[in-house]
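Labels run A, B, C and D following the written order; every chain starts at residue 1.
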Amino acid sequence: MIKFVPQLINLFATLILLLSFAMISQRRIVSLIHLFMIQGAALVAASFLLAYVTHQPELYISGVLTLLLKVICIPWMLHRMIRKLNVRWDVETLLNIPTTMLIGIGLVIFAFSLALPISRLSDAVAGGALGIALACVMLSFMMMITRSKAVPQVIGFLSMENGLLFAATTVTNGMPMIVEFGIALDVLVGVLILGVFMFQIREKFDSLDIHHLETLKDE
Amino acid sequence: MSALFLVLGIPLLGALALALVGHRAYARDINVVFSLLSFLSACAMTAQVIQDGPQFVWDKQFYIDPLNVFLVTLTAFVSLNTAIFSRPYMRIEQDHGKMTPPRMRLYHSMYQLFSFTMLLGFTTNNLGIIWVAMEAATLTTVLLVSVYRTPASLEAAWKYFILCGVGIAQALFGTILVYMAADKALGSEHATLLWSSLSDIKGQLDPTIMSLAFVFLLIGYGTKIGLVPLHSWLPDAHAEGPTPVSAVLSGLLLNVAMYAVLRCKVLTDGALGTQMAGQLMMGFGLLSVVVAAFFISRQKDVKRMFSYSSIEHMGLITFAFGMGGPVANFAGLLHMTVHSLVKSAIFFTVGHATQKAGTQVMSEIRGLIKVNPAVGWGLMLGVMAILGMPPFGVFASEFLILTTAMREQPWATPFLFLALGVAFASMLIRVLPMVFGDTTLKPLAHPPALIPVFVHLALGLALGLYIPPYLDGWYVAASRMLGG
Amino acid sequence: MPSLTIAATWTHLDWVLIVVTAWLLIGVVGIAALRRFRFVAVVLFPLGAIFSVLLMAVALSAAYATPEVAVLPLGLPQLPFHLRLDNLSAFFLLLIGGVSAGVSTFAAGYFRQGEGTPPGLLCLEYHVFIASMAMVVLADDAYVFMVMWETMAFSSFFLVLANHRIPEIRSAGYLYMLVAHVGALGILLCFGVLQANTGDYTFANMRAQHLEPFWASIAFVLAVFGFGAKAGLLPLHAWLPDAHPAAPSPVSALMSGVMLKIALYGILRVGFDLLQTRIWWWGVLLMGVGLLTALFGVVFSTVQVEMKRLLAYSSIENVGLMCAGLGLSLLFSSYGMQALSALALTAALYHMLSHAFFKSLLFCSTGAVLHATGERSLGKLGGLIRTMPWVAWLTLVGVLACAGLPPFGGFVAEWLLLQSFLFTTGLPSSFLDMLVPVMAALIALIAAFSGFTMVKYFGVVFLGQPRDEKLARAHDAGRWERLGMLWLVVGCVLLGLFPNQVIALMEPVTQRLVGGGLAHTVADSSWLLVPVNIDRASYAPVIFLLGVVLTFGLAFVLVRRLYHGRLRRVPPWDCGHPWQTARMQDTAEGFGQPIQQIFDPFFRVTKQQPSAFDDKPIYDVKVEDPLWYWLYLPVARVVEKLSRIVGQLQQGRIAVYLMYSFATLIVVLLVVKR
Amino acid sequence: MSALGVFSQLMALVLALLLAPLLTGWVNQWRHWLQNKSAPSLLQPYRTLHKLFNKDSLIAEHASPLYRFAPYVVFGCMLLASAIIPTISTDLPLSPAADAIALVGLFALARVFISLAAMDVGTAFGSMGARREMLVGFLAEPALLMVMFCASMITGSTSLTTIVETLAHRDLAIYPSLLLAGVAFTMVSLAENARVPVDNPDTHLELTMIHEALVLEYSARHLALMEWAASMKLFAYSCIGLALFFPWGVAEANAPLALLLALPVLVFKLAIGGMLLAMIETASAKMRIFRVPEFLGTAFLLAVIGLLVNVLLGGT
């Protein structure tokens, strides 16, 4: 069993990467949220696995945290939100999907090339995951750039955090507990605030289209 | 029992208390009282440090050393004065109907929470907690910026949130990498994010990881410092929030971010043994100074202008620390101190001025000196100070930075020369008619709070002429620690 | 800190510091008595004048003394205020004290209750201004120097803005402050070079450094740029003719009488004292810039139609001449010709001193005229010698001195300068040998020009018939104003009549800076001014004056004795033209017109001339400074363009902002990776 | 200073006072002869002065004291000037008091006062004259200075006596620089003494006059002093010219015989000079006022070139 663990981790890693790509390509917001949920689930699974192998109870805890937050709370809130605001589609992206994908692939290569020297000298169970995590971060970054509605941007933001958490879990077998808690708290509050904001933006501009948020400029 | 817990506890308590009663009329005073208390406890803590040197608290989770002790006191002090200033200011805002009781509650409790997060960020010894504090500070200030609920403020807050959130995320990645490096150096069971322990073994940290980590940390925290081209959120957030918030934002929050970068720079330098970090910082700093200077020259909104000037000064500070060496580091620390004093003072006067004029558009603010000489002179002197007129402290640091740069980095001096010249020209030409000449303004409903302004300016002046020995000692020790 | 126990043990430096503190205190009292105008005018300003006299006395006794140093517990921890009172500083303190004594007395009668800055505040700014100038001269490290330098700048800036309700004055103040600050940045960088990366900013350390020629030249050029901006050297002169008229007259008097000299002091301090190396082309640079400035200034001053602008341009001219003197001296000393170098330096110093006196005198006179008539444009003045004789006659002395006529101070300076230019054969490079006589010719031309300007100034303002009926009601200057002007006049006359004694004061300075002096030649010929030796050149102002006065008196008496002194007052001859009006006299424009015609390319002239058929003919000529259009506006335009480009960065779209961050991340990662 | 020195000094003064009008008369005579007019007597200038001194002086009612002082000042300046120019002897106790530069300064002083006085009354002509006088002056002055400098670069001194001594008592050498200087000096002295082609001493043609416009308002004794001063100026200039370019025959310190000899020599030289001046005036035509700057600019340029030539060819 043990000897399969690294492969398993890497499997999850690839899964997460795959999901980020899927998110980039996905237009329907509801399915975006689902993808996000699955990503969270994969993350949780990975951390449990690691916890089991490395016998680190903290990892269980962080896994549970992630589960609560990323798989249950946030998706649920997002669902409520889009139902309330009834935004279903993010029709026009600023960059058309195929181009985005191509750029994304480039990014992945770049991220791997960055991470390679480090992963070589990594002795953690799945040092190779660093590159993937980095790739996820960059992909979600690009997703935030390309999406023109508020909700997808937020989801991109959250999936970026997923990538980070994945890095934290796999590369360093979890951050110190207190930090984990802190991060979790911040994320939760952040999402709450974002939610509130979206309602306010909606009521001010009666749309969640970010094009309305372009009045402050220096031209 | 260290006074540190008071320093952290009081604002937290204040946040809770004001969350309950923040909408009452007397909440303003409570706000001031809590700020006062935390300032006093900060003084007590400083006294302790003066007595028995740097101290660890709560098994090394918190740490007071020369680099952060004066920053903590400064933060407490400025937020106290800002609280005093915001008493009449927010009252008038409420009269104008821009604030409602619930918003006042939000404002007050978030104000306390914000100062808590900053103090936490300064005092913690744990790089992870610094990150958490920064994120928390972002969240609280986002709420503060959007407190008016106007479309503009919402837009500003949204941009602020998204951009800084993403930036901070990079910083987290950097932190993880640092942890990874620590993991390598110490083995996974002793791995730690405690800065003090890391800096003991910084020589053994893996250079490849650390260089990568520093890039992410610099870009992450640099976003909050407002380094060009990561600065885009800053002018919006400063201009659209309430003026007290602008004051603390550019006076204090930027310092916290800068502080975080400094901590990381120390580790990176130790690990790499090269100038990489320094050169990056110099590059960003110089870019920020020049670009910000040109931005200043085309502003119409007074608060935007001064927020760009904050970018300029932060760039200057970054450049100084990037240059490294005892003199430049000393200058950087001094500049951090004086800039937060003077800049917040400027925002105070600007706040009163904008309330008189009922607008932030500079071309409609005229002849302050006739309506209210104190405000007028406050603005004039503040601008003189921020433009690097001696004997204000800003000049002292700029003097050191420029003279050092002239021989250490001669290539940079033409840019600095150009930028400072342009900034001077474009800021003075805007402010002169605002202060002097005939006026169209009307006096205020409530007497403005001018004590903070002149206290800050006086301190800024004093620091140009006389730096008290303790402070000097801290500066020197800190700059030695920062090395470079 | 020196012990302040027994006055007997006080050093000169202590006394100077006492004067400075006294001035500051006076200023503070002024703030306390913000609007009690009489008190400020009649008590505070004369008090300040008394202390100025004290300063002068101290400086006189310190002129030969050995340098004294002190360290104040102020400034940066590693860098407290180092002060040093050596002969050079003593000389300039003398200048400051002497002039400010007169000007403060004048100011006591000058400032009126009115709009703008309240008198108490003016009092503060005024005294901070002179105090900072004194401190600049005392400074012995870069930091205190810069602090005092900028304090000087912005105290005078607020003084210029005293009447800030007039937009022109505001823009003048703005330009002044801007140029001053840019110059200050230059000086700052210059010190940055001089400290040679030692982190030690004391002048002592800078003297100890031996820079390689490249860095030394950079330092020198930066110094010329920085101090030149303050002194009004081309092309950074544009602020001067705006700022001087904008300021209240006593302030313009101080600015042009003293502050410009302080700027030159900076050049002296850096170029002659701090920098150990001297390179010949530095001298040529200074000379070239100086003479160019001088010519430019004098040509422009002849065509001015506003009295203070006229004087301001004439100040530019004089500064240029001084600069030329400094340059020549530098040139000589770079070739190790001590004697000639000392001669040139003495000429420059002498010119500084005399210019300080006569120019502040003239500015005071404009102030008096301004008060009496409320009119600053030459075109509306005239005939004031009858309504305000005091001012007129006192001004006449200043005018003659400024025109460089014997036997006044201005002439001695020009005489020395010409002497030093004249005997410069034997320079190593023949190019310089050719250059120097041409420069001498230029100086002669400039000197003659200034005569023209001064005749215009005095003639149009005080002589002729009043060009405006309200001038008939003009009243003469008050008690204080007369007193102040009288003091300055005495200064001019003494400087003119006793050059030997004055030069003796400069001896230590020249000895320190260029290792030579005139005193040994001057000393042995008591009533003659002999720079080199009696056969070569000599000048005796006293005898000269006596000669003129004697012949004058003799002629007067004899004519009366041999003939008679009968006199009849009649209307002037009307050339058979029944109605003669005051408007038929030359206007200011008219008087300057020939010069304007000759030096047409210098100016940017916009004319509006009537045709023969206009029923309401309008003749209007605007003469402007072309440099404004060639240099200043283009720079402003470039900045504007750049800022427009930069402004594009901030165009509101959050996606773009995110893109910035992303791109930055990628780029930096790439940079670090390779 | 020796007794002889004092004597020769007084001598110089008296000569200046007495010979100056004579010189003017002489030049006028020659001009008339050359223009086929019947000439006034040689002593006419004295008569004019005497007449003027006898008259009552008329002064404009609002003229200031300066207006009345000016003639005396001008007169004093000119007298002093002619006192320090070595006319018959180089042993002048007064000459160290003022060298060439101071001499130019002296002329300038006189000019400034005469112009101020002209502006004082405030008639159209007065100020016009003043303007033109200053215009002429500010170009002539430096030119004159440059001429002096040529000589003083050769002799290494600016003190007139030294210059004359050195020039007179070194074996004859041709100085190209002095040639240029000489031409320049002639032009300058024409302008300075209000002579054709720059100005015409005996017209009151309103548009062209310079010197006459200055003294237009003066009458009686003041006018007399002015005229006397003018003729002394002419005398002084001629003497300078002679001293610089034909210095031979000027007596040295304690050489009484030479002193005796010097007087006739001087008179002779002046006679020739006056004649030449008259010839120039007759031969040339009055030029437009705005040509004057060009005329004097040329003079200035010539002098400077002389200076450069001197440097180039090395004075001696």
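The working rule: a residue touches a chain if its C-beta (ideal position, glycine included) is under 8 Å from a C-beta of that chain, and two chains touch if they have at least 3 such contacts.
Please read all numbers here as calculations on a predicted model, not as lab measurements.
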Residual chain clusters - subunit C taken out, nothing else repositioned: A, B | D
Chain nearest the overall Cα centroid: C
Interface ranked first by C-beta contact pairs: C-D
Most distant chain from subunit A, judged by the mean position of its C-alpha atoms: D
Distance between the centres, which are taken as Cα means, of subunit D and subunit A, whole angstrom: 101
Length of the line joining the C-alpha centres of subunit B and subunit C, rounded to whole Å: 44
Cα-centroid distance, subunit C relative to subunit D, in whole angstrom: 36
Subunit A-subunit C separation of Cα centroids, rounded to whole Å: 70
Residues of subunit C engaged with two or more neighbouring chains: 647, 649-650, 654, 658, 665, 669
Numbers and ranges of subunit D residues touching at least 2 other chains: none
Set of subunit B residues in contact with two or more other chains: 158-159, 162, 166, 170, 212, 235, 295, 298
Touching pairs among all chains present in the structure: A-B, A-C, B-C, C-D
Subunit B - residues contacting subunit C, complex: 158-159, 162-163, 166-167, 170, 211-212, 215-216, 218-219, 223, 229-230, 232-233, 235, 276, 280, 291, 294-295, 297-298, 326-327, 369, 384, 387, 389-391, 395-396, 399-400, 402-408, 413, 417, 420-422, 424-426, 428-429, 432-433, 436-438, 464-467, 469, 472, 476
Of all residues in subunit A, those that touch subunit C in their complex: 94, 110, 113-114, 138, 141-142, 144-146, 148, 210, 213-219
Interfacial residue positions of subunit C with respect to subunit A in the complex: 647-655, 658-659, 662, 665-666, 669, 673
Touching residues on subunit B, where the partner in the complex is subunit A: 61, 126, 128-129, 131-132, 135-136, 139, 142-143, 146, 149, 151-152, 154-159, 161-162, 165-166, 169-170, 172-173, 176-177, 179-180, 183-184, 188, 191-193, 206, 208-209, 212, 235-236, 239-240, 295, 298-299, 304
Residues of subunit C that touch subunit D when the two form their complex: 382-383, 385-386, 392, 396, 400, 403-406, 411, 414-415, 418-419, 422-423, 425, 433-434, 437-438, 440-441, 444-445, 447-449, 451-452, 454-456, 458-460, 463-465, 528, 534-540, 543-544, 547-552, 555-556, 559, 562-564, 566-575, 580, 582, 584-586, 590-591, 593-595, 597-598
